[in-house]
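You will see two complexes here that share subunit A, one where it goes with subunit B and one where it goes with subunit C.
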Partner chain A sequence: MSARRPYVRSMDGWWRRDPFFVRYMAREATAVFVVAYALVLLVGVLRLSQGEAAFNAWLAALRSPLSVAFHVFLLAIFVYHTWSWFRIMPKTMPLILPDGRRLKPGLITGAGLAAAALLCLAGFAVLMGVKP
Partner chain B sequence: MKRSNAPIFWSMFGAGGMLSALIGPLLVFVTGIAVPLGLLLPPDTMNYARMLGFAQNWLGKAFLFAVIALFMWHGVHRIFHSLHDIGIPAGTLAKLACYGFALAGTLAAGYVLIAIGF
Partner chain C sequence: MQTERQPPMTEPVKTIRIEVLRYRPEQDSEPVVQAYEVPFTDDMSVLQGVQYIKDYLDGTLSFRWSCRMAICGSCGMMIGGVPKLSCQTFLRDYYPAGLRIDPLAHFPIERDLVVNVEDFIRKLEGIKPYIVPKEPRTLEQGEYLQTPGQLEQFLQFSGCINCTLCYSACPQYGLDSKFMGPGVLALLHRYNADSRDGASAERMQLVHAEEGVWGCTAVGYCSEVCPKGVDPANAVNQNKTASAMDYFLRFVTPKAVANKGAANKAGAK
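After this line comes the complex of A and B, so read on.
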């Protein structure tokens, strides 16, 4: 055992020191809930493969107040994921035009968010039975 | 030189992130809120017959498989790369656990969707 006791700065709560890090951690934390939702769907197709009674039990479970509250929370997380995904896209997937110019960051973010909004609204309209 | 496997995991992460960013909110709202509460959508939107038909159609099957598998690969990749930030060493064991989880989920989804038939 060494007699030296060098000062080691604690890393506890490091990400709360800067709003940039808070946003980073919030963005990364969405991953847990994306996996959670994939598991909900996986259970759904499993129940579907087990027949009508099993699938109806899954649908009934989705109707429980706890499940609805969880999905409202999930929806907020997913909307944040969409927002943050396209916010960082200019850095993660910088598109470079054939002549070597970079696409403006705001254009990438805006186009991504617009595409997501359009797809979600169009998909919902189709499910509602709206005829184009 | 040994080739890195990072691009494979990154492309799965990217594909899952893109798919969930584009249609994730719609899926969560439909399956978790609108259908259970009977909001806005026809009451038979997700009944057994329709969902079975959807899962037996090759396009519907591919869609369900892509959503479940890619959401998982996206999530575990991000979780794996965040482990260090919350003080967990991101070693081989953690890598196996993370990507193994997504692989297990992918295989399970594939097996179940094939079992549902065509």
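After this line comes the complex of A and C, so read on.
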């Protein structure tokens, strides 16, 4: 008779076991807030279709202190979202071998973050009506 | 009988507290923590600490080890909750707080620090982890030629020593062990990305499955803990692209060509 009795450990609370997993879960959770903001914008489109008065009321609602606080909170979340996804990007891409050697992961992350920052600034400039 | 290790005269003997998760199936209904006070010197690895326990304090402690130099892949343990090779982790880095050692996470515990890796071995066998030549080749045809670019495509992934640390770092494997897991998928990629190999279409059938690359959610911890810099997360995610390409290309290419497209044989520079 075999004396073997393999013990399987529980996975309960696995993501709290390691700071790496906590950061991973935080990254995944940011997606919920991206959806939340997409809904805010979708409501804007809906209000636009209902006429000028409805759209202006929506714009006014966005300027309320609560809404501004929500936007600042979302901005922080989106910055983390952007940073965490570009951080994992070197691991998700095919090998790039410009001189026969693998591109440094930091370079890929940095390029992604720089592109994101530039696009944000460009978008901001366009929205603010600044002519380049 | 071996004589006690003597630290150098100039150095006072330091003692470190090592907590080990013990499981003796014949007497323990579940694992229990046991603590030992282990004298150590700054050059002692965690493995040497555990060996000291077995040699001088408690001969019943079970653990796996072999080479003591990070190439056999036998001595993986959770050290302070992180999967590490105990032979290349030093006790001094845990002094004076002490350390806790668990068997590798996500595997069933066989006894003490020994885990059951049968599932990993079975999956490893399943991917044909060897080069399957495209066609029979005679000696007269000479050796295979590869460009540095073609070599680079798989060289990194060939460093795997089957230590299974990446499995202990992968919550997806812990939650559902049907997932092939980082190590096996990295080795699968090592052969699929090799220009000499001809079995990638066959291996891609394993990649496409839910238990293949799609079980991965890009946690990325596997690549952090790998003692050989293999980067399994990259191998898995490159194959997500390959698998998706294979799926969509089938609509625009004849069947035979579509299968070749799955081979993911980039890299000829």
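Assume the second predicted complex is superposed on the first by the 108 of 132 C-alpha atoms of A that agree within 3 Å, B and C clash if a C-alpha of one lies under 4 Å from a C-alpha of the other, contacts with A are read in each partner's own complex, and residues count from 1 in each chain.
We take it that a contact is a pair of C-beta atoms (placed from the backbone, for glycine too) under 8 Å apart; a residue touches a chain by one contact, two chains touch by 3 or more.
Small disclaimer: the values here were computed from a predicted structure and weren't measured.
Trainee: After superposition on the shared chain, which partner residues are touched by A:L46: those of subunit B (first), subunit C (second), both, or neither?
Mentor: Touch partner of A:L46: subunit B, not subunit C.
Trainee: On the A-aligned overlay, A:M11 touches which partner chain: subunit B = first, subunit C = second, or both, or neither?
Mentor: Touch partners of A:M11: subunit B and subunit C.
Trainee: Just subunit B (first), just subunit C (second), both, or neither: which does A:G112 touch?
Mentor: first
Trainee: Does subunit B (first) or subunit C (second) touch A:L95, or do both, or does neither?
Mentor: second
Trainee: With both complexes superposed on chain A, which partner does A:F20 reach: first (subunit B), second (subunit C), both or neither?
Mentor: A:F20 sits against subunit C, while subunit B stays out of touch.
Trainee: In the overlaid three-chain picture, which partner chain does A:L103 touch, first (subunit B) or second (subunit C), both, or neither?
Mentor: neither
Trainee: Tell me which partner touches more residues of subunit A in the superposed arrangement, subunit B or subunit C.
Mentor: B
Trainee: Where does A:A3 make contact in the superposed view: on subunit B (first), on subunit C (second), on both, or on neither?
Mentor: After superposition on chain A, A:A3 lies in contact with subunit C alone.
Trainee: Quick check on the output: what are the common subunit A residues between the subunit B footprint and the subunit C footprint?
Mentor: 11, 15, 28, 92-93
Trainee: How about subunit A: which of its residues touch subunit C in the complex?
Mentor: It is residues 3-9, 11, 14-15, 17-18, 20-21, 24, 28, 88, 90-95, 97, 100-102 of subunit A that touch subunit C.
Trainee: Quick check: in the complex, which residue numbers of subunit B touch subunit A?
Mentor: The contact residues of subunit B facing subunit A are 14, 16-18, 20-33, 35-37, 40-42, 45-46, 48, 51-52, 55, 64, 67-69, 71-72, 74-79, 81-82, 85, 87, 101, 105, 108-109, 112-113, 115-116.
Trainee: Going by the contact rule set out above, which residues of subunit C touch subunit A in the complex?
Mentor: 23, 25-26, 30-31, 81-82, 105-106, 108-110, 116, 148-149, 152-153, 156, 171, 174-175, 217-221, 223-224, 231, 233-234, 237-238, 240-241, 266-267, 269
Trainee: Which residues, counting only subunit A, touch subunit B once they are in their complex?
Mentor: It is residues 11, 15, 25, 28-32, 34-35, 37-42, 44-46, 48-49, 52, 55-56, 59, 62-63, 67-68, 70-72, 74-75, 78-79, 81-82, 85-86, 92-93, 112, 115-116, 119-120, 123-124, 127-129 of subunit A that touch subunit B.
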